[in-house]
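Several structures are given next for inspection.
Same chain, two partners: subunit A is paired with subunit B first, then with subunit C.
Now for the complex of A and B:
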(Lines of atoms letter the chains of each structure in order from A and count residues from 1; the text may use other names and numbers.)
(Lines give C-alpha, C1' and ligand atoms only; values in the text may rest on other atoms or scores of the structure.)
Protein backbone atom coordinates (compact mmCIF):
# COMPACT_ATOMS: atom_id res chain seq x y z
CA UNK A 1 0.00 0.00 0.00
CA UNK A 2 1.30 3.45 -0.93
CA UNK A 3 2.31 6.03 1.63
CA UNK A 4 0.67 9.42 1.20
CA UNK A 5 2.06 12.88 1.88
CA UNK A 6 -0.03 16.05 1.99
CA UNK A 7 1.86 19.19 0.96
CA UNK A 8 0.12 22.25 2.38
CA UNK A 9 1.04 25.52 0.69
CA UNK A 10 0.13 28.61 2.69
CA UNK A 11 2.36 31.29 1.17
CA UNK A 12 1.89 33.32 -2.00
CA UNK A 13 4.04 32.70 -5.09
CA UNK A 14 7.34 34.50 -5.78
CA UNK A 15 7.29 36.31 -2.43
CA UNK A 16 8.69 33.14 -0.91
CA UNK A 17 10.55 30.10 -2.25
CA UNK A 18 8.34 27.80 -0.20
CA UNK A 19 5.47 27.25 -2.67
CA UNK A 20 7.85 26.19 -5.41
CA UNK A 21 9.76 23.96 -3.01
CA UNK A 22 6.47 22.34 -1.99
CA UNK A 23 5.56 21.68 -5.59
CA UNK A 24 8.97 20.26 -6.50
CA UNK A 25 9.01 18.08 -3.38
CA UNK A 26 5.54 16.82 -4.33
CA UNK A 27 6.71 16.02 -7.84
CA UNK A 28 9.68 14.11 -6.40
CA UNK A 29 7.22 11.66 -4.80
CA UNK A 30 6.72 10.06 -8.20
CA UNK A 31 10.25 8.66 -8.08
CA UNK A 32 10.56 8.15 -4.31
CA UNK A 33 10.05 4.42 -4.75
CA UNK A 34 13.66 4.28 -5.97
CA UNK A 35 14.61 4.56 -2.30
CA UNK A 36 11.89 2.60 -0.49
CA UNK A 37 9.78 -0.43 -1.22
CA UNK A 38 6.54 1.56 -1.50
CA UNK A 39 5.12 4.19 -3.77
CA UNK A 40 4.52 7.66 -2.34
CA UNK A 41 1.26 9.38 -3.27
CA UNK A 42 1.45 13.20 -3.14
CA UNK A 43 -1.55 15.44 -2.54
CA UNK A 44 -1.22 19.24 -2.60
CA UNK A 45 -3.50 21.66 -0.75
CA UNK A 46 -3.45 25.43 -1.21
CA UNK A 47 -4.71 27.32 1.83
CA UNK A 48 -4.52 30.88 3.14
CA UNK A 49 -2.54 33.18 0.86
CA UNK A 50 -1.28 30.02 -0.83
CA UNK A 51 -4.37 30.04 -3.03
CA UNK A 52 -2.76 32.94 -4.92
CA UNK A 53 -0.48 30.35 -6.51
CA UNK A 54 -3.50 29.02 -8.41
CA UNK A 55 -4.33 32.12 -10.46
CA UNK A 56 -3.77 31.61 -14.19
CA UNK A 57 -1.85 33.77 -16.66
CA UNK A 58 1.16 34.30 -14.40
CA UNK A 59 3.90 36.31 -16.11
CA UNK A 60 6.95 35.32 -14.10
CA UNK A 61 8.98 34.61 -17.23
CA UNK A 62 8.35 38.15 -18.44
CA UNK A 63 9.00 39.88 -15.11
CA UNK A 64 11.40 37.58 -13.21
CA UNK A 65 12.85 35.37 -15.94
CA UNK A 66 11.81 32.16 -14.20
CA UNK A 67 9.35 29.37 -14.90
CA UNK A 68 5.99 30.20 -13.40
CA UNK A 69 4.35 28.42 -10.54
CA UNK A 70 1.45 28.09 -12.96
CA UNK A 71 3.57 25.90 -15.25
CA UNK A 72 4.56 23.68 -12.31
CA UNK A 73 0.92 23.30 -11.30
CA UNK A 74 -0.08 22.48 -14.87
CA UNK A 75 2.64 19.82 -15.06
CA UNK A 76 1.32 18.27 -11.87
CA UNK A 77 -2.29 18.30 -13.05
CA UNK A 78 -1.13 16.66 -16.27
CA UNK A 79 0.54 14.03 -14.07
CA UNK A 80 -2.80 13.38 -12.32
CA UNK A 81 -1.65 14.79 -9.00
CA UNK A 82 -4.57 15.68 -6.75
CA UNK A 83 -4.53 19.38 -5.89
CA UNK A 84 -7.00 20.96 -3.50
CA UNK A 85 -7.76 24.68 -3.22
CA UNK A 86 -9.48 26.09 -0.17
CA UNK A 87 -12.85 27.54 -1.12
CA UNK A 88 -13.07 29.88 1.86
CA UNK A 89 -9.71 31.47 1.08
CA UNK A 90 -10.66 31.96 -2.58
CA UNK A 91 -13.81 33.71 -1.38
CA UNK A 92 -11.85 35.84 1.10
CA UNK A 93 -9.60 37.06 -1.72
CA UNK A 94 -12.48 37.33 -4.20
CA UNK A 95 -10.89 34.86 -6.62
CA UNK A 96 -13.54 33.33 -8.87
CA UNK A 97 -13.13 29.73 -10.07
CA UNK A 98 -12.79 30.89 -13.68
CA UNK A 99 -9.52 32.62 -12.74
CA UNK A 100 -7.92 29.37 -11.66
CA UNK A 101 -5.26 27.47 -13.58
CA UNK A 102 -6.22 24.43 -15.59
CA UNK A 103 -4.07 22.15 -17.73
CA UNK A 104 -6.59 21.06 -20.30
CA UNK A 105 -4.31 22.39 -23.07
CA UNK A 106 -1.77 19.82 -21.85
CA UNK A 107 -4.32 17.02 -21.94
CA UNK A 108 -4.93 16.88 -18.21
CA UNK A 109 -7.92 14.85 -17.12
CA UNK A 110 -8.26 16.60 -13.78
CA UNK A 111 -8.56 20.21 -12.61
CA UNK A 112 -7.72 21.98 -9.40
CA UNK A 113 -10.28 20.77 -6.90
CA UNK A 114 -11.96 23.62 -5.00
CA UNK A 115 -13.05 22.29 -1.61
CA UNK A 116 -14.07 23.58 1.79
CA UNK A 117 -11.42 23.67 4.49
CA UNK A 118 -13.17 20.74 6.17
CA UNK A 119 -12.16 18.63 3.16
CA UNK A 120 -8.56 19.78 3.54
CA UNK A 121 -8.73 18.76 7.19
CA UNK A 122 -10.00 15.32 6.21
CA UNK A 123 -7.02 14.97 3.89
CA UNK A 124 -4.72 15.97 6.76
CA UNK A 125 -6.18 13.12 8.78
CA UNK A 126 -6.06 10.61 5.92
CA UNK A 127 -2.50 11.18 4.75
CA UNK A 128 0.41 9.43 6.45
CA UNK A 129 2.47 12.61 6.61
CA UNK A 130 1.89 16.31 6.21
CA UNK A 131 4.47 18.86 5.11
CA UNK A 132 3.62 22.49 5.70
CA UNK A 133 5.21 25.03 3.38
CA UNK B 1 11.94 4.43 19.39
CA UNK B 2 10.66 6.60 16.56
CA UNK B 3 12.11 7.95 13.33
CA UNK B 4 11.80 11.72 12.96
CA UNK B 5 12.46 13.66 9.77
CA UNK B 6 13.14 17.36 10.14
CA UNK B 7 12.95 19.55 7.05
CA UNK B 8 14.70 22.88 7.54
CA UNK B 9 14.16 25.76 5.11
CA UNK B 10 15.77 28.78 6.83
CA UNK B 11 19.29 30.00 6.28
CA UNK B 12 22.07 29.60 8.82
CA UNK B 13 22.12 33.34 9.43
CA UNK B 14 19.06 35.55 9.75
CA UNK B 15 16.79 33.75 12.15
CA UNK B 16 17.01 31.27 15.00
CA UNK B 17 15.10 28.60 13.06
CA UNK B 18 18.26 26.70 12.22
CA UNK B 19 19.42 26.73 15.82
CA UNK B 20 16.02 25.44 16.87
CA UNK B 21 16.06 22.64 14.30
CA UNK B 22 19.51 21.50 15.39
CA UNK B 23 18.50 21.66 19.05
CA UNK B 24 15.43 19.59 18.26
CA UNK B 25 17.53 17.01 16.44
CA UNK B 26 19.97 16.84 19.36
CA UNK B 27 17.15 16.34 21.82
CA UNK B 28 15.53 13.63 19.73
CA UNK B 29 18.82 11.77 19.35
CA UNK B 30 19.53 12.04 23.07
CA UNK B 31 16.15 10.44 23.70
CA UNK B 32 17.12 7.55 21.45
CA UNK B 33 15.19 8.45 18.33
CA UNK B 34 16.46 8.10 14.79
CA UNK B 35 16.66 11.45 12.99
CA UNK B 36 16.89 12.58 9.37
CA UNK B 37 17.84 16.25 8.92
CA UNK B 38 17.05 17.71 5.49
CA UNK B 39 18.30 21.11 4.32
CA UNK B 40 16.27 22.70 1.54
CA UNK B 41 15.96 26.24 0.20
CA UNK B 42 18.25 28.63 2.07
CA UNK B 43 18.97 25.96 4.70
CA UNK B 44 21.57 24.49 2.35
CA UNK B 45 23.88 27.24 3.64
CA UNK B 46 24.28 25.14 6.80
CA UNK B 47 26.06 22.51 4.73
CA UNK B 48 28.75 24.83 3.42
CA UNK B 49 32.23 24.14 4.74
CA UNK B 50 34.63 26.82 5.90
CA UNK B 51 32.16 28.55 8.19
CA UNK B 52 33.79 30.81 10.73
CA UNK B 53 32.54 31.21 14.27
CA UNK B 54 31.66 34.71 15.39
CA UNK B 55 30.05 35.54 18.70
CA UNK B 56 27.12 37.36 17.11
CA UNK B 57 26.23 34.84 14.37
CA UNK B 58 24.83 31.35 14.58
CA UNK B 59 27.55 28.74 14.15
CA UNK B 60 26.34 25.18 13.88
CA UNK B 61 29.10 23.31 12.05
CA UNK B 62 30.47 21.62 15.17
CA UNK B 63 27.01 20.63 16.37
CA UNK B 64 26.20 19.17 12.97
CA UNK B 65 29.37 17.12 13.16
CA UNK B 66 28.31 15.82 16.57
CA UNK B 67 24.89 14.92 15.20
CA UNK B 68 26.54 12.98 12.38
CA UNK B 69 28.67 11.10 14.90
CA UNK B 70 25.44 10.18 16.67
CA UNK B 71 23.99 8.66 13.52
CA UNK B 72 21.86 11.50 12.19
CA UNK B 73 21.54 11.50 8.40
CA UNK B 74 22.18 15.10 7.32
CA UNK B 75 21.41 15.79 3.70
CA UNK B 76 21.26 18.95 1.59
CA UNK B 77 19.00 19.40 -1.43
CA UNK B 78 21.11 19.12 -4.57
CA UNK B 79 19.16 21.59 -6.71
CA UNK B 80 18.78 24.17 -3.92
CA UNK B 81 22.52 23.99 -3.25
CA UNK B 82 23.61 24.17 -6.87
CA UNK B 83 21.30 27.14 -7.46
CA UNK B 84 23.20 28.93 -4.70
CA UNK B 85 26.63 28.01 -6.04
CA UNK B 86 27.18 25.31 -3.41
CA UNK B 87 28.48 22.16 -5.03
CA UNK B 88 29.52 18.81 -3.60
CA UNK B 89 33.10 19.95 -3.09
CA UNK B 90 31.86 22.90 -1.03
CA UNK B 91 29.93 20.77 1.45
CA UNK B 92 31.08 19.78 4.94
CA UNK B 93 32.51 16.27 4.98
CA UNK B 94 29.87 13.73 5.90
CA UNK B 95 26.90 15.81 4.81
CA UNK B 96 25.31 14.18 1.81
CA UNK B 97 23.73 15.89 -1.17
CA UNK B 98 20.67 14.27 -2.70
CA UNK B 99 17.65 15.22 -4.75
CA UNK B 100 14.22 15.70 -3.20
CA UNK B 101 13.06 12.14 -3.84
CA UNK B 102 15.50 10.96 -1.15
CA UNK B 103 13.82 13.21 1.39
CA UNK B 104 10.20 12.45 0.55
CA UNK B 105 11.04 8.73 0.65
CA UNK B 106 12.60 9.08 4.12
CA UNK B 107 9.72 11.27 5.26
CA UNK B 108 7.14 8.78 4.03
CA UNK B 109 8.74 6.10 6.20
CA UNK B 110 9.11 8.31 9.27
CA UNK B 111 6.91 8.34 12.33
CA UNK B 112 6.91 12.13 12.45
CA UNK B 113 7.82 14.89 9.99
CA UNK B 114 8.51 18.44 11.10
CA UNK B 115 9.09 21.40 8.82
CA UNK B 116 10.82 24.45 10.21
CA UNK B 117 11.25 27.87 8.68
CA UNK B 118 11.39 29.18 5.16
CA UNK B 119 11.75 32.68 3.86
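Now for the complex of A and C:
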Protein backbone atom coordinates (compact mmCIF):
# COMPACT_ATOMS: atom_id res chain seq x y z
CA UNK A 1 0.00 0.00 0.00
CA UNK A 2 1.29 3.44 -0.95
CA UNK A 3 2.61 5.74 1.72
CA UNK A 4 0.70 9.02 1.52
CA UNK A 5 2.46 12.30 2.20
CA UNK A 6 0.53 15.57 2.42
CA UNK A 7 2.35 18.83 1.76
CA UNK A 8 0.39 21.79 3.12
CA UNK A 9 1.38 25.19 1.76
CA UNK A 10 0.15 28.11 3.84
CA UNK A 11 2.43 30.95 2.73
CA UNK A 12 2.33 33.15 -0.36
CA UNK A 13 4.90 32.72 -3.14
CA UNK A 14 8.29 34.34 -3.73
CA UNK A 15 9.18 36.21 -0.56
CA UNK A 16 10.54 32.98 0.83
CA UNK A 17 11.42 29.78 -0.97
CA UNK A 18 9.17 27.87 1.36
CA UNK A 19 6.18 27.17 -0.93
CA UNK A 20 8.36 26.26 -3.88
CA UNK A 21 10.37 23.91 -1.67
CA UNK A 22 7.17 22.13 -0.73
CA UNK A 23 6.29 21.65 -4.37
CA UNK A 24 9.73 20.36 -5.33
CA UNK A 25 9.69 18.00 -2.33
CA UNK A 26 6.34 16.68 -3.49
CA UNK A 27 7.71 16.26 -6.99
CA UNK A 28 10.65 14.31 -5.61
CA UNK A 29 8.23 11.75 -4.16
CA UNK A 30 7.73 10.37 -7.63
CA UNK A 31 11.30 9.13 -7.67
CA UNK A 32 11.66 8.47 -3.94
CA UNK A 33 9.94 5.10 -4.22
CA UNK A 34 12.85 3.85 -6.31
CA UNK A 35 15.12 4.37 -3.30
CA UNK A 36 12.96 3.39 -0.36
CA UNK A 37 11.32 0.43 -2.06
CA UNK A 38 7.87 1.70 -1.19
CA UNK A 39 5.31 3.50 -3.31
CA UNK A 40 4.81 7.12 -2.28
CA UNK A 41 1.68 9.11 -3.03
CA UNK A 42 2.21 12.86 -2.62
CA UNK A 43 -0.70 15.29 -2.26
CA UNK A 44 -0.34 19.07 -2.11
CA UNK A 45 -2.85 21.34 -0.38
CA UNK A 46 -2.88 25.13 -0.57
CA UNK A 47 -4.51 26.82 2.42
CA UNK A 48 -4.54 30.28 3.97
CA UNK A 49 -2.41 32.79 2.06
CA UNK A 50 -0.85 29.77 0.32
CA UNK A 51 -3.69 29.87 -2.21
CA UNK A 52 -1.96 32.95 -3.69
CA UNK A 53 0.55 30.50 -5.23
CA UNK A 54 -2.21 29.26 -7.53
CA UNK A 55 -2.78 32.49 -9.49
CA UNK A 56 -1.82 32.12 -13.15
CA UNK A 57 0.26 34.41 -15.40
CA UNK A 58 3.16 34.70 -12.95
CA UNK A 59 6.12 36.47 -14.56
CA UNK A 60 9.00 35.65 -12.23
CA UNK A 61 11.23 34.49 -15.07
CA UNK A 62 10.97 37.95 -16.58
CA UNK A 63 11.43 39.98 -13.41
CA UNK A 64 13.37 37.77 -10.97
CA UNK A 65 15.09 35.45 -13.44
CA UNK A 66 13.70 32.35 -11.73
CA UNK A 67 11.25 29.63 -12.75
CA UNK A 68 7.80 30.53 -11.56
CA UNK A 69 5.84 28.71 -8.92
CA UNK A 70 3.18 28.49 -11.63
CA UNK A 71 5.48 26.35 -13.79
CA UNK A 72 6.16 24.04 -10.86
CA UNK A 73 2.44 23.64 -10.25
CA UNK A 74 1.82 22.96 -13.92
CA UNK A 75 4.50 20.27 -13.92
CA UNK A 76 2.78 18.62 -10.96
CA UNK A 77 -0.60 18.71 -12.64
CA UNK A 78 0.88 17.27 -15.82
CA UNK A 79 2.25 14.46 -13.63
CA UNK A 80 -1.27 13.78 -12.31
CA UNK A 81 -0.46 14.88 -8.77
CA UNK A 82 -3.50 15.68 -6.65
CA UNK A 83 -3.43 19.34 -5.66
CA UNK A 84 -6.11 20.76 -3.39
CA UNK A 85 -6.94 24.45 -3.04
CA UNK A 86 -8.99 25.71 -0.12
CA UNK A 87 -12.26 27.18 -1.35
CA UNK A 88 -12.86 29.35 1.71
CA UNK A 89 -9.48 31.04 1.34
CA UNK A 90 -10.05 31.70 -2.37
CA UNK A 91 -13.35 33.31 -1.42
CA UNK A 92 -11.78 35.28 1.43
CA UNK A 93 -9.13 36.70 -0.90
CA UNK A 94 -11.63 37.23 -3.73
CA UNK A 95 -9.74 34.99 -6.17
CA UNK A 96 -12.09 33.73 -8.86
CA UNK A 97 -11.68 30.16 -10.23
CA UNK A 98 -10.81 31.49 -13.71
CA UNK A 99 -7.63 33.03 -12.23
CA UNK A 100 -6.29 29.65 -11.17
CA UNK A 101 -3.42 27.88 -12.90
CA UNK A 102 -4.14 24.93 -15.14
CA UNK A 103 -1.84 22.77 -17.24
CA UNK A 104 -4.15 21.88 -20.09
CA UNK A 105 -1.60 23.33 -22.54
CA UNK A 106 0.77 20.64 -21.25
CA UNK A 107 -1.81 17.92 -21.77
CA UNK A 108 -2.76 17.57 -18.12
CA UNK A 109 -5.87 15.55 -17.43
CA UNK A 110 -6.51 17.11 -14.04
CA UNK A 111 -6.86 20.67 -12.72
CA UNK A 112 -6.31 22.15 -9.32
CA UNK A 113 -9.03 20.73 -7.12
CA UNK A 114 -10.92 23.45 -5.26
CA UNK A 115 -12.29 21.95 -2.05
CA UNK A 116 -13.65 23.06 1.28
CA UNK A 117 -11.29 23.10 4.24
CA UNK A 118 -13.12 20.07 5.61
CA UNK A 119 -11.75 18.08 2.65
CA UNK A 120 -8.23 19.29 3.44
CA UNK A 121 -8.85 18.27 7.03
CA UNK A 122 -9.89 14.78 5.89
CA UNK A 123 -6.70 14.54 3.83
CA UNK A 124 -4.71 15.48 6.95
CA UNK A 125 -6.34 12.59 8.79
CA UNK A 126 -5.92 10.14 5.91
CA UNK A 127 -2.26 10.78 5.10
CA UNK A 128 0.60 8.84 6.72
CA UNK A 129 2.85 11.89 6.97
CA UNK A 130 2.15 15.59 6.81
CA UNK A 131 4.61 18.40 6.13
CA UNK A 132 3.59 22.00 6.74
CA UNK A 133 5.19 24.80 4.78
CA UNK B 1 9.32 64.29 8.97
CA UNK B 2 8.96 62.58 5.63
CA UNK B 3 9.03 58.90 6.47
CA UNK B 4 9.06 56.08 3.95
CA UNK B 5 7.74 52.71 5.13
CA UNK B 6 8.41 49.50 3.23
CA UNK B 7 5.72 46.87 3.63
CA UNK B 8 6.79 43.48 2.32
CA UNK B 9 4.28 41.11 3.92
CA UNK B 10 0.67 40.54 3.08
CA UNK B 11 -0.22 39.76 6.66
CA UNK B 12 -1.91 42.43 8.67
CA UNK B 13 0.49 44.87 10.20
CA UNK B 14 -1.98 47.74 10.27
CA UNK B 15 -1.57 48.38 13.98
CA UNK B 16 1.95 49.75 13.63
CA UNK B 17 1.02 51.73 10.55
CA UNK B 18 -2.04 53.15 12.30
CA UNK B 19 0.20 54.69 14.93
CA UNK B 20 2.42 56.44 12.41
CA UNK B 21 1.47 59.99 11.53
CA UNK B 22 0.04 60.04 8.02
CA UNK B 23 1.35 63.46 7.02
CA UNK B 24 4.35 63.07 4.79
CA UNK B 25 4.21 59.30 5.05
CA UNK B 26 5.06 57.17 2.03
CA UNK B 27 4.15 53.50 2.01
CA UNK B 28 6.02 51.27 -0.41
CA UNK B 29 4.41 47.92 -1.17
CA UNK B 30 7.13 45.52 -2.25
CA UNK B 31 7.44 41.72 -2.44
CA UNK B 32 4.34 40.19 -0.82
CA UNK B 33 3.30 43.63 0.39
CA UNK B 34 1.86 44.26 -3.07
CA UNK B 35 -1.12 42.07 -2.18
CA UNK B 36 -2.38 45.00 -0.09
CA UNK B 37 -2.88 46.89 -3.34
CA UNK B 38 -4.77 44.18 -5.26
CA UNK B 39 -6.49 41.77 -2.89
CA UNK B 40 -9.90 42.50 -1.38
CA UNK B 41 -9.95 40.26 1.63
CA UNK B 42 -13.56 39.47 2.59
CA UNK B 43 -14.62 42.02 -0.04
CA UNK B 44 -12.78 44.88 1.67
CA UNK B 45 -9.73 46.89 0.72
CA UNK B 46 -6.66 46.41 2.87
CA UNK B 47 -6.75 48.39 6.10
CA UNK B 48 -3.32 49.72 5.21
CA UNK B 49 -4.92 51.78 2.44
CA UNK B 50 -7.20 53.69 4.82
CA UNK B 51 -4.68 56.26 6.07
CA UNK B 52 -5.18 59.85 4.98
CA UNK B 53 -2.42 62.04 3.60
CA UNK B 54 -0.27 59.07 2.60
CA UNK B 55 1.45 58.44 -0.70
CA UNK B 56 1.21 54.78 -1.65
CA UNK B 57 3.56 53.06 -4.07
CA UNK B 58 3.68 49.49 -5.38
CA UNK B 59 6.53 47.92 -7.28
CA UNK B 60 5.32 46.88 -10.75
CA UNK B 61 7.63 43.90 -11.12
CA UNK B 62 6.49 42.41 -7.81
CA UNK B 63 2.86 42.78 -8.88
CA UNK B 64 3.40 41.16 -12.26
CA UNK B 65 5.52 38.36 -10.86
CA UNK B 66 2.55 37.31 -8.75
CA UNK B 67 0.11 37.00 -11.66
CA UNK B 68 -1.56 40.40 -11.45
CA UNK B 69 -1.52 43.29 -13.88
CA UNK B 70 -0.82 46.89 -12.96
CA UNK B 71 -4.34 47.81 -14.08
CA UNK B 72 -5.72 45.85 -11.13
CA UNK B 73 -3.96 48.06 -8.59
CA UNK B 74 -6.08 50.18 -6.26
CA UNK B 75 -6.43 53.72 -7.61
CA UNK B 76 -4.83 55.18 -4.45
CA UNK B 77 -1.58 53.40 -5.21
CA UNK B 78 1.09 54.62 -7.62
CA UNK B 79 2.72 51.87 -9.66
CA UNK B 80 6.49 52.37 -9.70
CA UNK B 81 9.64 50.76 -11.06
CA UNK B 82 12.85 50.01 -9.18
CA UNK B 83 14.35 53.20 -10.58
CA UNK B 84 11.39 55.20 -9.30
CA UNK B 85 11.78 53.69 -5.85
CA UNK B 86 15.45 54.66 -5.72
CA UNK B 87 14.61 58.21 -6.79
CA UNK B 88 11.88 58.46 -4.16
CA UNK B 89 14.20 57.12 -1.45
CA UNK B 90 16.93 59.56 -2.33
CA UNK B 91 14.84 62.65 -3.01
CA UNK B 92 11.52 62.48 -1.19
CA UNK B 93 12.04 60.74 2.16
CA UNK B 94 14.34 61.66 5.02
CA UNK B 95 14.04 58.35 6.84
CA UNK B 96 13.12 54.85 5.75
CA UNK B 97 11.91 51.88 7.77
CA UNK B 98 10.94 48.31 6.87
CA UNK B 99 7.89 46.80 8.56
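What we mean here is this: the second predicted complex is superposed on the first by the 133 of 133 C-alpha atoms of A that agree within 3 Å, B and C clash if a C-alpha of one lies under 4 Å from a C-alpha of the other, contacts with A are read in each partner's own complex, and residues count from 1 in each chain.
Keep in mind that, in the parts below, a residue touches a chain if its C-beta (ideal position, glycine included) is under 8 Å from a C-beta of that chain, and two chains touch if they have at least 3 such contacts.
Note that the structure is a prediction, hence the values are computed from the model and not measured.
Chemist: Aligned on subunit A, subunit B and subunit C: do they clash or fit?
Modeler: Once subunit A is superposed (C-alpha atoms), there is room for both subunit B and subunit C without a clash.
Chemist: Should A:92 be classified as contacting the first partner (subunit B), the second (subunit C), both, or neither?
Modeler: In the superposition, A:92 contacts subunit C only.
Chemist: Using the touch definition from the top, say if A:121 reaches subunit B (first), subunit C (second), both or neither.
Modeler: neither
Chemist: Check the residue A:21 against both partner chains and state whether it touches subunit B (first), subunit C (second), both, or neither.
Modeler: Touch partner of A:21: subunit B, not subunit C.
Chemist: Mind checking the angle subunit B, subunit A, subunit C on Cα centres after superposing, to the nearest 10 degrees?
Modeler: It works out to roughly 90 degrees.
Chemist: Please determine whether it is subunit B or subunit C that touches the greater number of subunit A residues.
Modeler: Of subunit B and subunit C, more residues of subunit A lie in contact with B.
Chemist: Taking the superposed arrangement, what is the smallest distance in Å from a C-alpha atom of subunit B to one of subunit C?
Modeler: Once the two complexes are overlaid, subunit B and subunit C approach no closer than 12 Å between C-alpha atoms.
Chemist: Would you tell me which residues of subunit A are touching subunit C in their complex?
Modeler: 12-15, 49, 52, 55-60, 62-64, 68, 70, 92-94, 99
Chemist: Within their complex, state which residues of subunit B touch subunit A.
Modeler: For subunit B paired with subunit A, touching residues are 7, 9, 40-42, 79-80, 99-110, 113, 115, 118-119.
Chemist: Flag every residue of subunit A that touches subunit B in the complex, lowest number first.
Modeler: Residues 3, 5, 11, 16-18, 21, 24-25, 27-29, 31-36, 38, 40, 42, 128-133 of subunit A touch subunit B in their complex.
Chemist: Quick one: in the complex, what on subunit C touches subunit A?
Modeler: So the residues of subunit C in touch with subunit A come to 8-11, 31-32, 35, 39-43, 61-62, 64-68.
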